Amino acid sequence: MEIEIKVISRDALERVFSLWLAAGKRILAPKKTGELVDFAWVTQLSEVCLDQVQTVQSPKLAIFPKVEELFSYQTAFDQVTIQDRPLEALEEIVVFGLRPCDAAAFASLAAIFTWDSPDQLFSARFEKMTLVGVSCARADEYCFCTSVGGGPGATTGSDILLTDIGSGEYLAEIISEKGRQTVQAAAGKFQPAAGKEKESHLAKVVPSFALAKITPALAALFDDDAFWAEQSRRCLGCGACAYVCPTCACFDIQDEGAGDSGKRLRCWDSCGFSMFTLHTSGHNPRPLQSQRWRQRLMHKFAYMPERQKVLGCVGCGRCSRACPVDMNVLEHLRAIAEAKI
Amino acid sequence: MEALKNKAREWLDSRMVQLVIGYSQGSGDSVRAVFVHDPGQVETLLFDSRCRQNLAVYLLKPEVKKMGKAALVANLTTLRAVLQLAAENQIGEHDVLTLTVNPAGELLVLSTLEAIETYVAISAPDLSVEEKAELEKYEKLGMEERWQFWQEQFSRCLKCYACRAACPLCYCSRCTVECNQPQWIPVPAHDLGNLEWNVMRAMHLAGRCVNCGDCSRACPVNIPLYLLNQKLISDVFRNFNARSGMAAKAENTLSTFKPNDKEDFIR
Amino acid sequence: MARIGVFICHCGENISATVDVQKVAAAAARIPGVAHSVDYKYMCSDPGQQMIKNAIKEKNLTGVVVAACSPRMHEPTFRRACAEAGLNPFLCEMANIREHCSWVHEKSDATTNKAIDLVRMMIEKVKKSKALLPIKVPVTKTALVLGGGIAGIQASLDIANTGHQVILVEKEPSIGGHMSQLSETFPTLDCSQCILTPRMVEVAQHPNITLYSYAELESLEGFIGNFKARIRKKARSLDEKLCTGCGLCIQKCPAKKIPSEFDANMGIRTAIYVPFPQAIPNKPVIDRGHCTYYLKGKCRLCEKICPTQAIRFDQEDEIIAVDVGAVVLATGFDIKHGDFFPEYGYGKYKDIIDGLQFERLASASGPTLGEIRRPSDGKIPETVVFVACAGSRDPAKGIEYCSKICCMYTAKHAMLYKHKVHEGKPYVFYMDIRAGGKMYEEFVRRAMEEDGVQYIRGRVSRIYERNGKLIVKGADTLLGARPMEIQADMVVLATAGVANAGAEELAQKVHISYDAYYFYSEAHPKLRPVETNTAGIFLAGACQAPKDIPESVAQASAAASKVAALFSQAELIREPLIAVVDRSAPPLYSTCVGCFLCQSSCPYQAIEKEEIRGRDGQLIKTVAKVNPGLCQGCGTCVALCRSKSIDIQGFSHEQVYSEVLALLNRRESDV
Amino acid sequence: MSEFQPKIVAFVCNWCTYAGADLTGTSRMKYSPQVSIIRFPCTGRIDFMLLLKAFANGADGIIVSGCHPNDCHYTSGNFHARRRWILFRGLLDFMGIDTRRIEFSWISAAEGAKWAQLVNTTAENIRKLGPFANYEKLRHQGVS
């Protein structure tokens, strides 16, 4: 559908928040606690922090939380009864203040969860989520959205994208049907834009490698063990990168029960962990960290484009910021793009 | 830091070591670990106040071990980690050469564990005045306040295990969290799982932690893990007058005892 | 799926009076994995046990839970029953619903529910139990006895007389130890040599005893039943096979003025010598520290005179390797030499001597042939002061403990003096008289009443010389701490009994623990007094704590009987409730990372290092290994192991973990 | 409504406290049925993780008991355990976990009366403290 452009004042936005709450929606937005800016459940705009370049975690936790219950069970002697998760009980969610890269990331996430047999719980959560993004006025050395097809003001994925145009006003781009409904529900809070523009208010992110080169380069480098060893040598093999990543979708299934009841849980997992691919036999197809690092990049830049027809990276730079040993993915991608093959 | 670069070059040239693990410039104004294996790369080495990562963590990494004998550019806690690793049979006398820069800014070559012992012997007590003060601040809180504080902290935990990966003394090839028969620690990062993981991590470092602080620095969600370690460091010192990472042949606090250890809490 | 049989005992009415046993049986029957659940009046009775055996066979059970009395009471009974029915005994557990439930709670639902909890707990434990086989350790039926004093002699003879081989190692040129130095022995005053030497001869002639004198333990490796000992046989400078012990060499030896260790430096000996005439073996040793040839390079008189050409100046120490199944430490004690107490002037004044020196003075075979003559001028002393507790019970200057033998030998000394010097005036300064023992108190009384020994309760503060007399200053605390001063001709200090100089080194060599005074630690202060914490190593005599002769002999025989018991079977069979270290498939091989925290925590030195090597012999990793011969199953290492790489059979991680969960998670069907 | 009945787990060693509790039984002394015993070879075997598991599975209180110092059947297991508890208690307390809910004690095979009395006072104390609400909440939090 055609993108509609409007403006909304901070005060009006504040009131929209109360309308959302009144309509039984929960609001997930960047919030500052101590030094840390991260997504949290909020009730008013004043709680929201938008000064940061990026939050620590991605908004994926809105529909792919770190731990979620899939179903619960009861045993009575030798019968087991299972109660599926009641999907209708899931709440409506507004994710507010996410960046354009985060919004774009939901496409990659959905591509995985709906690929082959769609994940009911994920799809239901996705259905009940509205994305009201805020475009980027600032960027840092870790940002590379423009190198992977995004941009500080890109609208892909968002239902509504706001841009701070100063003097307490936001330019609002109404992108999707969900966006339009949100505007309708907030009768009169959104005003006509009258020729206001956002470009001058956006951060400048210079593209730093040619995406076109990455996928073929990866294919060629696959067997170059020395290359990957050099790239990954300081990697400690923790899961920080995967857990803050807006598109990483690996998960583990755990049953937790005691006595005669229990539940099945889904929780995050990471291909960076040494035991991620460990077989019962003791054999591990990816015994080395270099192979696990390679896998992470291959998955995002080769396997996903091939299978899900979507890139597994949106250039948010979170993995680089979160890495305890400064594994800066941008550098590594540059090196791959420029590798002589 | 010319002296450092020269020494590194000398050792690499003479094949005395095959590898120098040190610090180099990282993204922005951060520093990062670097693995210099060819003399041409020594120029990237640097050492200054930003060099806080405990590089001893790399000594046991199979990928790094494979590269041959290593020289380690070490700050004080790294040196202590080296001693602790030696005390725990993880590295031997001839596995590593260490280079450090003393407060006066001079490069010191500590080529034996004994030399390291002598150097760290003069180091300040484990907890600085500020660290003690902060610890006491939390110790003085009411029990319920402490519970609320830690619950809030742990609720952020993602179980990414960056704290474990960054710790030079978390070197188990199979961590207890990876045992599933029985499942000692719940895998999910829910509140119970996070509490149990963090209690266990702290206890497993009791009498071993050298207070490098890398666990806290590694934590992407800023959980002040160092407080837990420092609590145990101070309890170990107060109760058993022991300090970890001071000797290459020291018995562990928890694998030894004194008949007169305090027991005022036992009926 | 498990097929557990549950058997609820009424114990007559002991259980059923307060616990609804039918309800417990019914609840157990509803627990998944339970194939059979019944209650019965007396499970431990023959019909009760038969019920279990039948059920195991008919229902083909994989585990059994007997809910009855304490496992400390009947666990062996029921495990045997299971074994007889072909079920591994370690797949049988007991829920203690009597001592821990029916007897301590009132009749109520809460009590019955607790019984159900306990049963459920054991059911879940048994589900995680594994069949275990007893541990068998081969036993080498030769004992190594270290120390040829009376304790070592007694232990050797007792073991040898059970038909087993004994290797007796003595560091001095002759066996006999301190007892051979003594004149008479309390409380009977029979001559020490007279009762000891026959035993020494017996040792020498016993077909099952191999004696290595002038030898020391070089090293000891291995474990119970399977030790490898290396013995250093010091060079005697003489071929023992050729030497007849005629003694010509000793008569001819020019170096004659060497203080005799045997005579506690009260007498002298030659450079080639036997410590005393009745020495076993009666073959001399050349003391290379004093021998003219070794010092000056010429002499060799002994070599010339020896009728059998037995002298070997070039002889070297010899290392002898032996396999032994048990070790008895009987290395004895030493006395604290008086010089630590300057106020008493020992070393400064010739006529202040210690207890052992007095023994030599009083000994018929001693330097004075038994006459009490003081060292300085050989005069017979008219007044002798005996100071008890010289160093003992003295935290300030000496040692804290009571040396135990001094009260008795001081009384003996005073008596002997009085018997030999009828006009003599013996005084004894003492703190308390400790004369516990058969005929001991009577003995001391005799000294006081019949022999008129003057006992003064008080400590001596100072001893110094004033015109030819030794002034002993003290106080009589029984007479209002009245200061005392005695002018004596000789003073005998009953100095404290202490551990041998080499005690610590030896303990470390054989890996046993010792106390703050370097006396060797017994495995349990009350119940295992002759064993050490290292299985297969036993204690006899004063190396464990100061002891008199009868006690040393008794302990030696006790140690010998322990050794005999160990040697009585072909294999040592032990319950398999021990720790085991994880072994897994390559490339991990083991989850153990080899930090060896477990090693320092193990009270039994049961944890060893094992090198795991690849086919090419390359070292892959060094990991912990539990020696099943040594592990006693305390599980301290298990709780310490961070990677959970050690587990303990019978109380495994899975078992205790399931117990906790089962105990706390009631099922709706349970109540 | 009826009075709160706490769930208390006792981790005890086989040689001293377990035998002591047997003696309580043979002497027919009465104590609160809220306490159940889990038997270990030695206090040295008691992994601190098991205490956490007890709380995680709904225990309101915990008793840990073994041989008096110098009486350990294995000579030093209780000494090792004591060190472990010194640090573990300190850590739990620092984290705001109520250590009044964990009772440590030495009870010999002869102290049947002491066992009964320990159980009763502990049960009473835990009853006063009420259910371990903080931990109970914890068991269900953090799952979306």
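Order of writing sets the chain letters: A, B, C and D. Residues in each chain are counted from 1.
In this text, a contact is a pair of C-beta atoms (placed from the backbone, for glycine too) under 8 Å apart; a residue touches a chain by one contact, two chains touch by 3 or more.
Remember, predicted model here, so these are calculated numbers, not experimental data.
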> More contacting C-beta pairs: A-B or A-C?
Replying inline: A-B
> In whole angstrom, what separates the CA-based centres of chain A and chain C?
Replying inline: 69
> Between chain B and chain D, what is the gap in Å from one C-alpha centre to the other?
Replying inline: 34
> CA centre of chain B versus CA centre of chain C: separation in Å?
Replying inline: 43
> Going by the touch rule set out above, which residues of chain B reach two or more other chains?
Replying inline: 174, 176, 184, 188-190, 193, 254-256
> Can you list the chain C residues in contact with two or more other chains?
Replying inline: 588, 601, 640, 653, 657, 661, 664-665
> Which positions in chain D touch two or more other chains at once?
Replying inline: 48, 53, 57, 70, 76, 80, 84, 142-143
> For the protein chains shown, what form does their contact graph take: line, ring, star, complete or other?
Replying inline: complete
> Can you name the residues of chain D that touch chain B in the complex?
Replying inline: 48-49, 52-53, 56, 69-70, 76, 79-80, 82-99, 103-106, 118, 134, 138-139, 141-143
>> For the complex, give me every residue of chain C touching chain A.
In response: 30, 32, 584-588, 661, 664-669
> In their shared complex, at which residues does chain D touch chain C?
Replying inline: 5, 7, 9, 14, 18-19, 21-22, 24-26, 28-34, 36-42, 44-48, 50, 53-54, 57-59, 70, 73-77, 80-81, 84, 116
> Residues of chain B touching chain A in their complex?
Replying inline: 26-28, 30-35, 53, 57-58, 61-64, 156, 158-162, 164-166, 174, 178, 186-190, 193, 214, 217-218, 220-222
> How about chain D: which of its residues touch chain A in the complex?
Replying inline: 57, 142-144
